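The two complexes that follow have chain A in common; it is paired with chain B in the first and with chain C in the second.
For the complex of A and B:
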């Protein structure tokens, strides 16, 4: 394809910035998403009620919960892991009012897992700010067997569901929260291009 | 219309063929020697008798065989029919559109009689005779969209209109040019068309969307789109790419005329009355390169369009492996004469 070609469904992310006209703020972050939280709290803190839901990745070397605990003086909930954060999101939704602004920070798998919970509760996408932090690993959906691999680091990977070698396209489904993986050697079985880590 | 429905297949032994009448009415899409995307939308008004534009929903000799191919695909992969939960009004709208237009345009094959909400539907070619209450799910053997979708040729996507956008929230898709309904369901108009090269850069989808948002009930529109397929296969889905992918590298100078098919989509768009959703019909017509050459004017035209095609479009449409073979086979039939504009065969 010529330069300038891009697939329009690929999501683009922005740094988190406090929304000024919100009734409430809910910050949802996991692992390296902690950096996104810290950057938010370097900005002026809003007057409205704030809730922060965060968990470190227990396998990661860096941890953010200590420093976040020092900076966030109200509404902070430190959870054990990713699932803990996502459950806390569901629990929080019951108390949310119209006009609540949501902020999500983490890798793409986390961003879309959290978004789906918000969306199924009827939250409008324009009220969800998203910042990609840390790893560029992609959640990828195998179009052949429908298995989603939450963290793919390479241009070509082996599907954990059907074992095919899949090429990762830029085409992204927000409903599935994943990019499309398509068999790379369908035309000439065994002809697999060099595998490179392009989503470190 | 006197129509004999063919017994033929679109997979395995590929017994699909076009009769001389089907070749003559083929919706050949190239009116000039060069092709590039455009917002080529026109009113879907009744066209010339015998043409694919004659009726609201076209019906041809492949009807029964195409419905059977759809049945097989749905049996293997039920996700080829998806309706998000908020689309129930649109499901009934679609059932009404399908039944009313078939019954009105082809009364010898389809009959619809209404007694208030009690509808009696007869589909003779498929042997269906069913009485149901319009609006009452329990009176149909499956959801209304799938029920009618299995009785229509071509793929159907129904788009929900909200926030000045159209969302692909429902569809029955078993004869697609390499796109996945299960993956694309729920997408906005621009996300859904995200991968198409050049057209996005030219602002085509932005203008098409603006136009479609104002589409009125009772004033449907249409356009043609095209690609090429190796073998007369309807299910060229990404899901089954492992099945048909190897065909793409099976074309040779000897078999190109019978193995490569031009695949034209008659795309129609209808505003639906209850849901305000938009039905998008994508009806595919297949013709072999050899059958195109029945008409020398079409052979010349296709030769030139293939030769001049933008490389990005060739790659996106998956023609790169065999485009040159098509050009070489057609070349002896093109004397270079000016054939003017227009898609007519002679």
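For the complex of A and C:
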């Protein structure tokens, strides 16, 4: 990897911290994002109204909703799954006014799925606090057939849409909420580099 | 910098202290297109000295046959507005810069709250033409001193219908920023142009109500204030220039034949920023561009509006 060089579109994430000047707080989390919620509630809890929308990953071994229910005493909605959280976000937006601070915790696919719902309501992702939790799996967009694979763990993977072998780049599209995946053996069909898990 | 040669086609007295000027291009051609919120810098030759003042374009961007600006007469300043009021008549020839926009509407905004104080109404008049054309949701809140200062009120009523709200200071009516900014839908952008205390109050209120700074926009053009004489030393062009008390540093450099960069000439855009190498006194910052930290650090200056209280100021130019 070239040193002293970065792809500017690659998003960087920070731990969630309560925003001092908000009038309302909405925390959106899924699966391992539960850790982000728990860390947030270890800080001094703000006085303003708080809403927490959370679902466990039903297939995961670890669940967080019990602990979160004990810590969050108001405004908590435990949903069934990821889709449940995302539709609860949509349902919440109409009541929200300027001054509401949004927090998202989860893997990268979830962070950007939730960000896109907020964006449709006019919330700029720069103003959303985002914490990446759990897996480093990347959502990747196939530039050839436009299929997005929500969780890619390897440097090279097979596109579920067109079957091409795609190389995962660092270039990230905020509009699509995904990294760019590019055919790796276009010039020499079958010449595929070693496949390694680099986004565990 | 390329300029446009214009002829004054019309001058209208709007209130006691505000006149509106209509410019057409001297060669009869259409003027360049611009976007709502743009301004031009008007050059004036006053007693052999060139003054350049920024003014917002207030005519509709859909009209490229002419540009309109409004000038409020400021008697206690350096004379640009008085010159416009007293010397500029229909037929007067002037040069203006191409329009530049430092106060554009955010096209991704779901709703727009426009707040004007006094002559600060002008950039909104071209923005409203854009907002109407786009069918955007907006509100205009316009505060002025007294009924006789209600510049453009009827035009605004015709342009905005029930989207415009008037506040007359002498009647005790003020904009309640806390109320205005506490129940706006997500995706709203707020814009303010007016006297400094009003701009500061709105920015501060928005911050305390949790508005992210990229949803709050302001424009203020300062006139260069009068100060004490000092000498500016340019390291690269190896010149020593005396800046008289009633001239800005930028004007003094231009007078001495230095091709210094500039754009807005009102301390808003930062284009003229210079690196301060050393000074034996204090910098007097009057711009709205540098952060407080940068102003305190004292190694940058905007010569269009800022000056120094010193005998010598060395800058890298």
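The criterion applied here is as follows: the second predicted complex is superposed on the first by the 197 of 200 C-alpha atoms of A that agree within 3 Å, B and C clash if a C-alpha of one lies under 4 Å from a C-alpha of the other, contacts with A are read in each partner's own complex, and residues count from 1 in each chain.
Here is the rule we use: contacts are C-beta pairs under 8 Å (C-beta built on N, C-alpha and C of every residue); 3 or more make two chains touch, one makes a residue touch a chain.
Everything quoted here is computed from the prediction, not taken from an experiment.
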Worksheet item: Given the touch rule stated above, what does A:144 touch, chain B (first), chain C (second), both, or neither?
Response: first
Item to complete: For A:66, select first, second, both or neither according to whether it touches chain B, chain C, the two together, or no partner.
Response: neither
Fill in: chain B versus chain C as contact partner of A:99, first or second or both or neither
second
Fill in: Which superposed partner A:14 touches (first chain B, second chain C, both, neither)
neither
Worksheet item: Touch check for A:164: first (chain B), second (chain C), both, or neither?
Response: first
Worksheet entry | Which of chain B and chain C A:175 touches, first, second, both or neither | first
Fill in: Larger contact residue set on chain A - chain B or chain C
B
Worksheet item: After lining up the shared chain so the two structures overlap, which partner does A:194 touch, if you call chain B first and chain C second: first, second, both or neither?
Response: neither
Item to complete: Could you tell me if A:22 is touching chain B, chain C, both of them or neither one (first, second, both, neither)?
Response: second
Discussion item. After overlaying the two complexes on chain A, where does the chain B footprint on chain A coincide with the chain C footprint?
Written reply: none
Discussion item. So in the complex, the part of chain C that touches chain A is made up of which residues?
Written reply: 108-110, 181-188, 207-212, 214-215
Worksheet item: Can you name the residues of chain A that touch chain C in the complex?
Response: 19, 21-24, 93, 96-101, 118, 121-124, 126-127
Discussion item. If we count contacts the way the header does, which residues on chain B are in touch with chain A in the complex?
Written reply: 79, 180, 182-187, 190-195, 197, 200-201, 238-242, 245-246, 248-249, 312, 315-316, 321
Practice prompt. Could you please specify the touching residues of chain A with respect to chain B in the complex?
Written response: 1-2, 4-5, 7-10, 141, 143-144, 146, 164, 169-176, 180, 182-183, 186-189
